[in-house]
């Protein structure tokens, strides 16, 4: 007796930004089995980095692995190469890089929140968050010259300086944004229909988070305290007001809340950065060719981003290995899908904030 | 009158004597034509016919009753069924006592009134067609030729039993015939003689025997209170005990009508060959239930008992429709929907106003036609395509367009205007609404009517969806070969449905109702327009850009065990409450 | 005059829909499309190449539209309310059959949900009709419209109707039948060109159908009816913009738990 | 008909497909639908369903596995239709040009009407392109537009079914 329906979700689907294909085995609309396929976006970036590009270009190539966390990709790569070359950036460069990463985190989290709301059928909330998000986009465009692919970081520094007008703009927009965030937090907490759609839905338990090695906001929403910003000392996060946001329930609501609170935290960090910006050069000459092997971990908006770079003393690198946070998020996601309703699937998917182009490279 | 009863008996003898060949078609067809004509002539005449039974006949009846009960007892012992043994013994004792105190003489034992004439129409019109159909159906059944003949002869005999039961005026005669229908269902359900059939047959036996017991109890009370066993005398008298008798008889109707919690026997009956399901368990035999309530309705109207009965019936309508959604076997789905609609008919009959009784009769007629059609079509699917399960029926419209067409027609006639079931429900809402001010309890009936109808629509279209779901590209549909033995009964039934629907509209004389038939025109026009669509290009369905085809299954709702317990417990209590209220009033 | 209204019914519904899209955009702090956008869409759809899956699928959508039009015409002509509800049910059934008739998963899911919606709102509609009957003594719309305002006698029934309006006009929180992010429009997914046009226009007629029930609560005072319709229209759009889509099961629970019990309480109140 | 053509540009419904992009352009399309840029002013609806779309927005350099889906979706859009290549890598392959799994732009598979440069294309550019696409839409006829290459399912069905006119015609042309 066949009682199950197969429901496809993807590779093209209106609730998806990127191609990923799920095949749900459902009883009525209750999901009992999932089959996932993530390889639609594979372009072969890793190989190309060691064949067709010189190591100085690779920073801009790996940024194209993913548009949402482009800045963290180029930062990780740059840091790795700088370590190979024995270069340590000055504080101003560090602060500027951090500023961009945190701004990127804000816009990425807001996009995720908006997308989750849209996929839960709440169009007005989507519009509201997208409207507020433009405040960050404006700042990013003003600082880097581009809205999405910033190409801000280069080996030995950053490409543009932060002028005092820009500092004013950052302050102004972030103040407005933090007011909006309070409204949003209240909305996410109190809306009756959102609580039906979010609370207790798509629960990733702490054990599952351990088992499947979940990273980033979704691990923190399950109560797993993991954040590279607290674990490494490449950047002075603790000094600039970083706190780790933890939730315990692990449902969509918790993930949203981790993101909401991280946005608030990132706003605070950004303000601290522009308030305490040290003086110094923004671009320094770095000489030599990378030789040896180096590992770098950076907290991208979706969790730990891992880079391995190996050079052999020539202009072309020997190996670039990228491991992205979504890669380990997908098995966890498949586990969460089982037992939930198909009607929730798009919202759960969006709340995991998967980045397929990161995963498939 | 005699024709109706004797002709099937004679025909059955002929069927047994003559070998299983074309001659059976001839016999059954001629029986069908004669019976239908006679029933019609009865229906058009207005006189009320009565018969007195002679003394020897009465003796025969007693003897038949005792033999029958002893046979049940024997079957109970043979298959070690405690329920059957116990109930048979109780019945034997009760029957002996009742017969000993039963008064003799009095009014006629057989009265053919308007209600009986109406029932004749259903029994002979629909039943005859089913017998005709069963000739072709049995040809493919893997049993011996004698058994095939026996089967048809049995069905024919059953017709005459039914013809007699609807004009029985004596409760005791009614009891005998009631038990004979029980016997018929027992024998026909266990016809295939495997373990499952046997078990279901015994289940049907003991459940129906509960009905027998309450009838005897009713007779007992009637004799004690009024010294009569005749329906008409009883219904004319007044006073405390009448309602108790009526309550007991109504309980037997609930059992026969497979109202919850007794729906088990009717569903078990679906293992029997399809003509049996069609004949006994949807078209004719179970109609005894609403018939009995209709007979009792003059007393019931506006009493607490009447309200309780109609509420029970209405709740059965909802609950059975709901339970049906969890089923997969096509015939079981039909069975559940029969249970549901019988509940509705009883509810309407028990309200007891003239209008609601008419509506109950309308529902009976149209339900018999539609359900018979559906069951026969289900039989065709079973024999020709070997599908029983609705999951196997996906896209069957391509393989069997004709049969599927008949099934869809059946569903349409059960749900849409201008067919009788729809009109019946529609008018019922109007007529019950006008009673609401006096009897607020009927609000439950209105509600159940609406919710139940909605659930039934859900059910039917769940099945239709399986039949219709076709892939995008239309290969030329295959020509379906439907043997005449199957197609003629189906066409006859469809024709009857349309004709009666048209007749009903004309009788109503309401222009609006005629307008309601207009959407149907659209449905009829659609197939002819299909040809014109050739010029449009075809595409594949959208599957998110993927190329593989995904297969959808049907929705189903599995009530949890707890919900089931609540439903059965509730209906058990309602069943007991009927007797209780009867005693109180 | 009535006949002109009947012929123009889809256009009237289109205006309501266009107004609603503008209103929704303004509520989301956007400029939104022009008021006549639904008509632009209609004309564009007429000009597309028509691709179909198979003939019955396409034709059932056409039948759905015409039966729905007939239903709306019956409302304008002041027929029996119960007949109208059942005619509407018939139109819905045609649509659901269309959804089932193709081997497309989303279409099937949409049809399943549409069926659930029918099961949810149909009893409430009938109860509303029964409520009108109890006050006015007739199911005929012409008679119902002669009574004085019903909303003070049937306040809870009005609330019950309010709950099911979003189901019928496919608005959050009950837009489960369409649910673009889940099942990409449900039944309408496989339609294109002219045949999608029919489904697109039947949405306009649905607006007229359900809002005319609201209008009836005004009774003989057409002004009151119009005010009620405008109020409900605003309210429904506000709620649409303040809620996410709930599950199908939740919808059934809400409708049966609240709308039905309100309706029953109100009717019992009238009766006793 | 002449009467209807002006309405095409007033209601361009879009279908968005990511054929291997870095999702930079995709989020910009989303931003363009948001309240600041508000594409719905122009009557744009993101239908997500090829059968009701007029404009096919493609992002990404077309990876090996997404090309079949690309063509499948393209054939499901009824004519008149316009294809917009969003972003540098969609038009030429961009930074990914020459990578082993990349097909260097969509115009190897389907005819493109509007190319948008930029990495990533900004919402303003996307709006501009959609307006342009609307104009092109007006000048198109209802004649069948075929992809340059067909894959798998459509081909086999085209062989099997003479009545699947569209696939058949395309197939005949290829032979």
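Worth a mention:
Per-chain residue numbering starts at 1, and chain names A, B, C and D are given in the order in which the chains are listed.
The rule is short, and it goes like this: a residue touches a chain if its C-beta (ideal position, glycine included) is under 8 Å from a C-beta of that chain, and two chains touch if they have at least 3 such contacts.
The structure presented is a predicted model; accordingly, all values stated were derived computationally and were not measured.
Two chain pairs, A-C and A-D, are compared here, and A-D has more C-beta pairs in contact (counted per touch definition above).
Chain C has the C-alpha centroid lying closest to the overall centroid of all protein C-alpha atoms shown.
One simple way to say how far apart two chains are is to compare their mean CA positions; for chain A and chain C this gives 42 Å. Averaged C-alpha coordinates give centres for chain A and chain D that are 28 Å from one another. One inter-chain figure worth recording: chain A and chain B are separated by 65 Å, centre to centre, where each centre is the mean of the chain's CA atoms. Between chain B and chain D the centroid-to-centroid distance comes to 59 Å (mean Cα coordinates, whole Å). The set of chain B residues touching two or more other chains comprises 473-474, 537-540, 542-543, 545-546, 550-552, 555. In chain C, the positions touching at least two other chains are 28-30, 49-51, 105-106, 108-109, 112, 180, 184, 189-190, 192. Residues of chain A in contact with at least two other chains: 5-8, 11-15, 28, 127-128, 131.
Under the stated contact rule, the graph of chain-to-chain touches is complete, every pair of chains being in contact. Chain A meets chain B in the complex at residues 1-13, 21, 23, 28.
Within the complex, the chain C residues that touch chain B are 49-56, 58-60, 63, 66-67, 70, 74, 79-80, 82-83, 86-87, 89-91, 93, 96-97, 100-109, 111-112, 115-116, 118-119, 122-123, 126-127, 130, 133-134, 139, 184, 189-190, 192, 260, 264, 267-268, 271-272. Residues 395, 415-417, 422, 426, 429-430, 433-434, 436-437, 440, 443, 446-447, 450-451, 453-455, 457-458, 461-462, 464-465, 468-474, 512, 515-516, 518-519, 522-523, 526, 529-530, 533, 536-543, 549-552, 555 of chain B touch chain C in their complex. Per the touch definition, chain D reaches chain B in the complex via residues 17, 49-51, 68-70, 72-73, 75-76, 152-154, 157, 160-161, 163-166.
Looking at the complex, you find that chain C touches chain D at residues 21, 25, 28-34, 37, 40-41, 43-44, 46-51, 180, 184-185, 188-193, 196.
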